[in-house]
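Order of writing sets the chain letters: A, B, C, D and E. Residues in each chain are counted from 1.
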Amino acid sequence: MTIPTSSIEQVIPGQGSMAQPEEAHPTKRKRQRFTFVRNKKAAIGLVIFGVYVLFAIIGPWVAPYDPSARGDDLVQPPSAGHWLGTTHLGQDVFSQILVGTRSVMYVGLLAGVIATALSILVGVTSGYLGGKTDDVLSAFANVILVIPAVPLMIIITSILNNASDTLIALVIGLTSWSWNARVLRAQTLSLRRRDYIEASRATGEKTWRIIGFELLPNLTAVIASGFVGTVIFAVLSEITLAFIGIVSNNGWNWGTILFWAQGQQALAQSAWWWFVPAGLAIAFLGTALSLINFGIDEFVSPRLRSAGKTKLKTASGHTVRMRIGFTPVLSSAAAPTPVQREVAKLP
Amino acid sequence: ACGDSPNANNANANKAVDFLKIGMPNGTQTENHNPFAGTSSANALGYKWMIYEPLTQWNPVKPADPATPWLASSVKWADDYKSVDITVRDGATWSDGQKLTADDVAYTYTLIKGNDALNQYAVPYDQITVSGSNVKLTFKSSQFVNQNKILANTPIVPKHVWEKIADPATDTNKNPVGSGPYTLKSFTQAGVTLTVRDSGYWQDLPKVKELRYVSYADNSAQATALANGESEWSFVFIPNAQQTFVAKDPAHHKLWAPGVLGIHGLYINTTVKPFDDPKLRQAMNMVINRTDIFNQAEAGYFHPEIKSVTGLPPGAGDAFIAPEYKGKEFSVDIEGAKTLLAKSGYQLNGKTLTDPSGKPVKIKLSDPAPWSDYQTTLEILKSNFAEIGIEATVEKPNQDVWDANVQKGAFEATVRWTNGGATPYDIYQTVMDGDLLKPVGTASQQGNFGRFKSPEATAALKAYANATSDAERTEQMNKIQKVFVEQAPMLPIGADNVGAAYSDKNWTGWPTDADPYAGAQPTQPYALQIVLKLRPAGA
Amino acid sequence: MSEPVLEIRNLDVDYGLGDRAVHAVRDVSLTLHRGEVLGLAGESGSGKSTLAYGLTRLLPPPGVITGGQVIYHPEKDSPYDVLALSDRKLREFRWAETAIVFQGAMNSLNPVHKISTQLTDVLRAHDPAMSEHSRNARAREMLKLVGISPDRMDAYPHQLSGGMRQRVMIGMALILQPQVVIMDEPTTALDVVMQRQILGQLIELRERLGFSVIFITHDLSLLVEFSNRIAIMYGGRIVEEAPASTIYRNALHPYSEGLLGSFPALRGPKRELAGIPGSPPDLAGMPSGCSFHPRCPKAFDPCPTTVPVLGPPADANAAGRTVACWLHPALENR
Amino acid sequence: MRYFLQRIAFYLFTAWAAITLNFFIPRLVPGDPVQSLIAKYRGQLSSEAIQSLYVLFGLDKQESLWQQYLDYWKQIFQGDLGLSFTFFPAPVSQVISQALPWTVLLVGITTIISFLLGTGLGVLAGWRRGSWADGLLPVTTFFSSVPYFWLGIIAIYLLAGPGSFFPSSGGFDSGLVPAWDQYFIPSAIQHSLLPALTILISSVSGWILSMRNMMVTVASEDYITVAHAKGLSERRVAVSYAARNALLPNVSGFALSLGFIVGGTLLVEIVFSYPGLGFTLLQALGAKDYPLMQGIFLVITISVLVANLLADVAYLLLDPRTRKEG
Amino acid sequence: MTSTKAPSGEVVLEAVGLTKHFPVRRRLRQILRKEHDAVHAVDDVHLTLRRGRVVALVGESGSGKSTVARLLAQLYPRTGGDIRLHGASTRVKGGRPFREYAARVQMIFQDPFASLNPVHTIRYHLTRALKIHGNAGSTADELEAALHDLLTRVSLTPPERYLDKFPHELSGGQRQRVAIARALGARPEALLADEPVSMLDVSIRLGVLNLLRDLKERLNLAILYITHDIASARYFADETLVMYAGRMVEGGDSETVTQAPAHPYTRLLIDSAPDPDRLTGDAGALEEDRGNGEPPSLIKPPSGCRFHPRCPAAMPRCSTDRPVPLEIGDAPGHWAACWLYDKAEAA
């Protein structure tokens, strides 16, 4: 489980020694608000994610068939009638994927929210308060961390008879927050001695306000990327659980499709349409989320925010890349500029 | 240079095909050659029957046929089946060279008798006596229904080895010494290799020089291995077997799945209203499309379709069907079901059936998620029941939860198996035995999960087990079947099979429909019969 | 003090591209002579650091050099344009000819390497033939030179005090005996005792080794005391340049005057501090004409419309000074 | 001293809590090993065998949960993990030691390769930001979002099969016996290629991403500019200055992921029938095999804690700043 | 403002024998030897802040100036000594008492780049400062008026131009003025200004100092002014204290201390300050050998007088006896902790 965690430093905007005060520009800030969308990667991610959300909402209504309804065409390849072919019971795979989107998105997002909330609660509190509270909370997080998540989920879901999506999301959320809590704690530790935190304390702020209004906003990037990571993890977990046949809910999700496909040896039957699309659906969802993650990173951290283009043209027509250590020179070196100054004209 | 390597000769052996590759989807194994331990690798892979032999062999495909003497040269049961006289074969030797004697046989049964952990079938042994090459076993009750379990399913072990073993139940029997034609060559967690004995076997030695057992992680790995020829013989459910297995090598890849006296069916919790009404259950029984289930859920072979209304499988069960039900077969009869329901006070309003009290009839079908054939079955049942307005939902609880619920009677309907045996007794006993009846909430481990209450059936089952004549048995069996058909406490669907998927590319001589001399599962005692019959292909 | 080592001609540096670009350095021409200390002062944000790093193309993105030349005069060879060097040649040029001591020594040293490694890897890069032993010897020598006991060779940066780190950087700058050393506010974070110690050492070394220094600081008193010539920057341009004492006694540009009137003196009678009214200009929306005119007490007609050119003032008799102000129009401006 | 005692106490507490949870959680699941065994065989095992199995497993004696818990601790202190039910009567330690090497070798080596490769690519992508190397990211991201069991199954379907170089399952050829010889080792390597590739493809992008981001951050540090100013070669600046500093968070991540090697690859092992610990764990879970589950959890717990410790130490070694005062 | 009416010269805040030791992490060896090391950041410091007066604190970097300020602001718990607010000993850690204390004693942090939260606008920072201490008025208009008043006071005019900016959009000088405004928002009686002008060029520096002087006079503030710029201390402060290695070594009114320094360290400091009238060339003239010039270790501070290893006038007793503050006599209130001025020694 490697959740792409943003590094400690990268998210603290402009605190380095190279940080320069950006000059005041009233219109510029408004434009920066949309940096997020201007980032191409993030925009693509958002669009894909939007499509998924859309289908999560309308999927069951637009699905051409009842995903569980048996038909007469058994294991048929894609056709006009069944865009993604049929299963061994003649069910329409396309409808199954459409209908399954809701459960996946619901579980993924809910688990993401739960895990993120918990990780903030535990990570930030223990990082900020320190001392005994920290010891207890981080021991707690560590305990959850050392218990392998997937087996734990398997155990818990098997205790729960007939787990609903909400329960599964709860289980995934409750078992997968500890990694983020660790990251957040480390981050908080590095933030809490910052002058601006001390300063707001010196101003007389209450502790909860310092945590909520001074610390948290600075953790946005970590929290956001943690959230995205957890959502991916939750989706993969739900699908994994369904795939190995642990989860007992009755609806459709992509894991269920894969479970049936694998149980029926879809690939060995050359029924790729049954097995491949669900996996791709997951992969694209994950990719979309990671792309959004890029955007979040670059949105919050000015250092990652590319200042417009990274490639430029010199006077001689070459393209040069902006890079550290070798500032591009735009004037043509071949034709030396006259050493003479141009003389300003007097009116 | 590599003479001391355990793999040296193997690499060469790979070229000439004098070995047979047997696979089972049972996951990793730890070394345990104890033939009595249910959890041993010897049991999971079935190779215990290549090392240890039983007294007799019986053919589950033809359960009414008499058993074949094996280590016993003759077996004589008393009429009341409370004792048996066994004459031990002369000429069999253990793989360490010692002679196999009646003492060994008596020792084996004494061992089981004195050790509950080894007494798998809970047989009430009484006396075990030896005289010469004869052994006499007596029992505290009639063992008619258990006769084959006692004689054909008990591996005989050498006394001189086992009497030195402190705890026979937990010993791993590192160096198995048996009377069978094979000895252990090597063990790894992924598999076992047996090699044929040089001499001393009481029959002709088999042609297969080496048996290579491989334990695959799961069904799909095993099925893949079968399809690509890595595995030549296994017992595993192969989805869409025609296409995924047979079609890969139509000339050699064969499936043979004869039904036996053990069935799978939909248990209905008879304490839940309105399913306590046998009429409703009968109507449901009438709309089940068993052919669809057979073809779509069981890949057209795995659980042979049950045709007889008595729930007895075709072939193995034919001999036991009561005269009144001979030739009576299931067929999908939706109209008939509707009429029956209407007559019994049910109403079909559009797509919803309501019971006489006016409540819509709904049923929850449940089975563990990983059992995909059961799951498919449930899906089909669901749409079948919808035809008469019963709204079914399919639940997929965790296997343990499901098992606990089924035992406690906390379910509405579930597809499950019955016990199997040499007579239909085991089937019906699992479903209807009033002695097993426990109140809802208390686990009933042995059977009667549907809480079916029928003093008639209970009495008949008891009478059958203790009968002393065939005539009496037939009479009781007919009574039992009548209750089963009329009350429909469980809706039979498919039979258990003792078949296999195999390849006759390298070895021929497998049992077939034409010559069903034994079952074909590689883990059962008769596997040895098959191995003994195999001949190199082309020879 | 006649021969030039480094001639900056019409250097233009932007941050960013297109119409959003910030012109941080505009048309700056400056000459550094052999062996002198050239002080660079000015408003914060006026482009001093940008100029210094732009010389050797060390500006981080989005910095872009949009025009100009930096002519380097080696001791023996013929002069060449630093900005036109290939990457490989530029690497060879760097440090061997021009070394930089950056603003914060704290961040200039790689925290994970010993200072000995950081000293010797310059030698390894520029003189691969040198033996390990002589590299170490040279590093020791440099440390001794800047007053750090050579047994601190194997210390990590964090084990040294700020002053020591600053001195290590100075030692490192001198290790290849470059012709030019650029120092960007090397002592801001230090107390005066430490500051004097370091600068004293630097001056002494300059006398011994004969390199030239470009010295950037806010501390005018320090600059007046230590440098030979001073250039004052405002809004990306050099507004005045003159020998230190001349500028201290008689600044021509109103901004220079304002600066000199803003710092309190420690010694002598307390004098009235005038300060400069108004606030610094916005580099992205620079005022037209002379960028100082909105704050200039002496602004008159041409100031808001035309940019004054840096040149020797016709009215002042002092030679060797230039100024960009309509009060003291350059000769050619007439 | 207090600090060290505190650390030790902290680790001990974590271990205790984790082990306790590992003991109780599995026992909350309904059912018992015998029932699971019966259910698992679906009719292949007669229900009459139940009683004999209870006796065999020693479950016929009723003991309170508390008593079992105390016994469990007693066992742990004696270094005895009990007997596995699934593989009865094999001791848990034997089952684990049989499976552990496979997992450690397969996952360990792939984790190391993945880390090295990912970090290397990340250095490249971060150093040459905006060049083609940045285009690598969406591609690797795509692969990291693919469920790896899915990838594995497709790989088996496409690449493995009769006549193919890649075997579809197992850890080595069925005819071989584990031994350090020229038959077994190539076979084991051959069998590990596909699973390794699957793990590699799906895990490498995490390393690339985090390394790239760190590189981008570090590349704008002053000392990098100084290194450029010093005229060092590009390689030296990138590797010895930028990457060396950017590596720190990745290294501690790596140390932690080493701890998860043991339990992290359940599905790859299932899909490839690889005889490792993850697969064993799944079997144990399915069979209600408490002793085995506990044993495996214990191994995982300990290795994660040790990895935690390693991460601390690695930081200490790599970052001289943390070495400050002990 | 109530404080305006209070008589000038009244003691607001007083430090008596203030001491702060930071524990250091120990090596194993030290643990075994039971050594307890600590950074002796501040030792036995006496200091008095009066209404309408500015006390300057100068000294080498790392001598503990900021630590004194933070102790006075009660941001660190003190190791020893006492802090008296209007004569009453106070020790507050958090909660309401701390906020009440913060309402009267405010601090401006050394680094304006670090002490403003990058995610909040200037408006937020100032509003919080006003609200916490109940100075925000009751309506939005009153708040707006208060904000304008604050910004106008620190010469950030027109206020609308700055209110909705983020810290990174301001120059260093502007940030430092925001920090001052924030401190004023609490309407304190004492202001602890830690190098409020360190990062500014001279012209802006002058502006900020004039502002503080103005505030002092108008609001009758007591100000502690920490700086490296001794010249500005001379101009701005009424009284100047000199710190060396965690101890006060000299004090007196600013003009006397800067023009007639008594303690050898103060002399060194004054001599080292750059002097534009001393022109290039004679720079080295001052260079006497003063040891290695390194500040002393604060973990194992030199015994006796902490300056003795570098002192050109060191006497044998300097290395053994800790000097006590001694009256110099050239001006009232001028003292130095140096045995040179011991009457007994002279005799």
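The criterion applied here is as follows: a contact is a pair of C-beta atoms (placed from the backbone, for glycine too) under 8 Å apart; a residue touches a chain by one contact, two chains touch by 3 or more.
By chain, with names taken from UniProt: A, D = Peptide ABC transporter permease; C, E = Dipeptide/oligopeptide/nickel ABC transporter ATP-binding protein.
Only a predicted model underlies this, so the values are computations on that prediction, with no experimental measurement involved.
Trainee: Starting at subunit B, how many touching-chain steps does it take at least to reach subunit D?
Mentor: The fewest touching-chain steps linking subunit B to subunit D number 1.
Trainee: Count the smallest number of chain-to-chain hops linking subunit A with subunit B, moving only between touching chains.
Mentor: The fewest steps needed to get from subunit A to subunit B is 1.
Trainee: Can you list every chain that touches subunit B and also touches subunit C?
Mentor: Chains in contact with subunit B as well as subunit C: A, D.
Trainee: Taking each chain's centre as the mean of its Cα atoms, which chain lies farthest from subunit C?
Mentor: Centroid comparison gives B as the farthest chain from subunit C.
Trainee: Go ahead and note the Å separation of the Cα centroids belonging to subunit C and subunit E.
Mentor: 31
Trainee: From the C-alpha centre of subunit C to that of subunit D, how far is it in Å?
Mentor: That gives a centre separation of 55 Å.
Trainee: Once you find the CA centre of subunit A and the CA centre of subunit D, what distance in Å lies between them?
Mentor: Chain centroid spacing, subunit A to subunit D, equals 23 Å.
Trainee: Whole-Å distance, subunit B centre to subunit E centre, using C-alpha means?
Mentor: Distance between chain centres, rounded to whole Å: 90 Å.
Trainee: Using the touch definition from the top, which residues of subunit D touch two or more other chains?
Mentor: Each of 29-30, 156, 220-222, 225, 227-228, 270, 324 in subunit D touches at least two other chains.
Trainee: Got the subunit E residues that touch at least 2 other chains?
Mentor: 171-172, in rising order.
Trainee: Which residue numbers or ranges of subunit B touch two or more of the other chains?
Mentor: 224, 368, 398-401
Trainee: Quick one: in the complex, what on subunit C touches subunit D?
Mentor: Contact set of subunit C toward subunit D: 53, 56, 58, 60, 87, 90-96, 99-100, 102-104, 107-113, 121-122, 125-126, 156, 158, 172.
Trainee: Taking the complex as given, what residues does subunit C use to touch subunit E?
Mentor: Residues 37, 41-45, 147, 149, 161-164, 188-197, 199-200, 203-204, 218-222, 224-228, 244-245, 248, 258-259, 262-268, 270, 273, 275-276, 280 of subunit C touch subunit E in their complex.
Trainee: Write out the stretch or stretches of subunit A touching subunit C in their complex.
Mentor: Interface residues on the subunit A side: 16-18, 20-21, 23-25, 307-310, 312, 322-331, 333-334, 336-337, 339, 341, 343-347.
Trainee: Across the complex, what residues on subunit D touch subunit B?
Mentor: 29-31, 35-40, 42-43, 45-53, 55-56, 83-90, 94-95, 98-99, 156, 161-162, 167-172, 174-179, 181-184, 269-270, 272-275, 279-280, 283, 286, 288
Trainee: What does subunit E use to touch subunit A in their complex?
Mentor: Those residues of subunit E that touch subunit A are 73, 75, 94, 98-99, 102-103, 106-107, 109-111, 113-120, 128-129, 132-133, 161, 165-166, 168-172, 174-175, 179, 182, 185-186.
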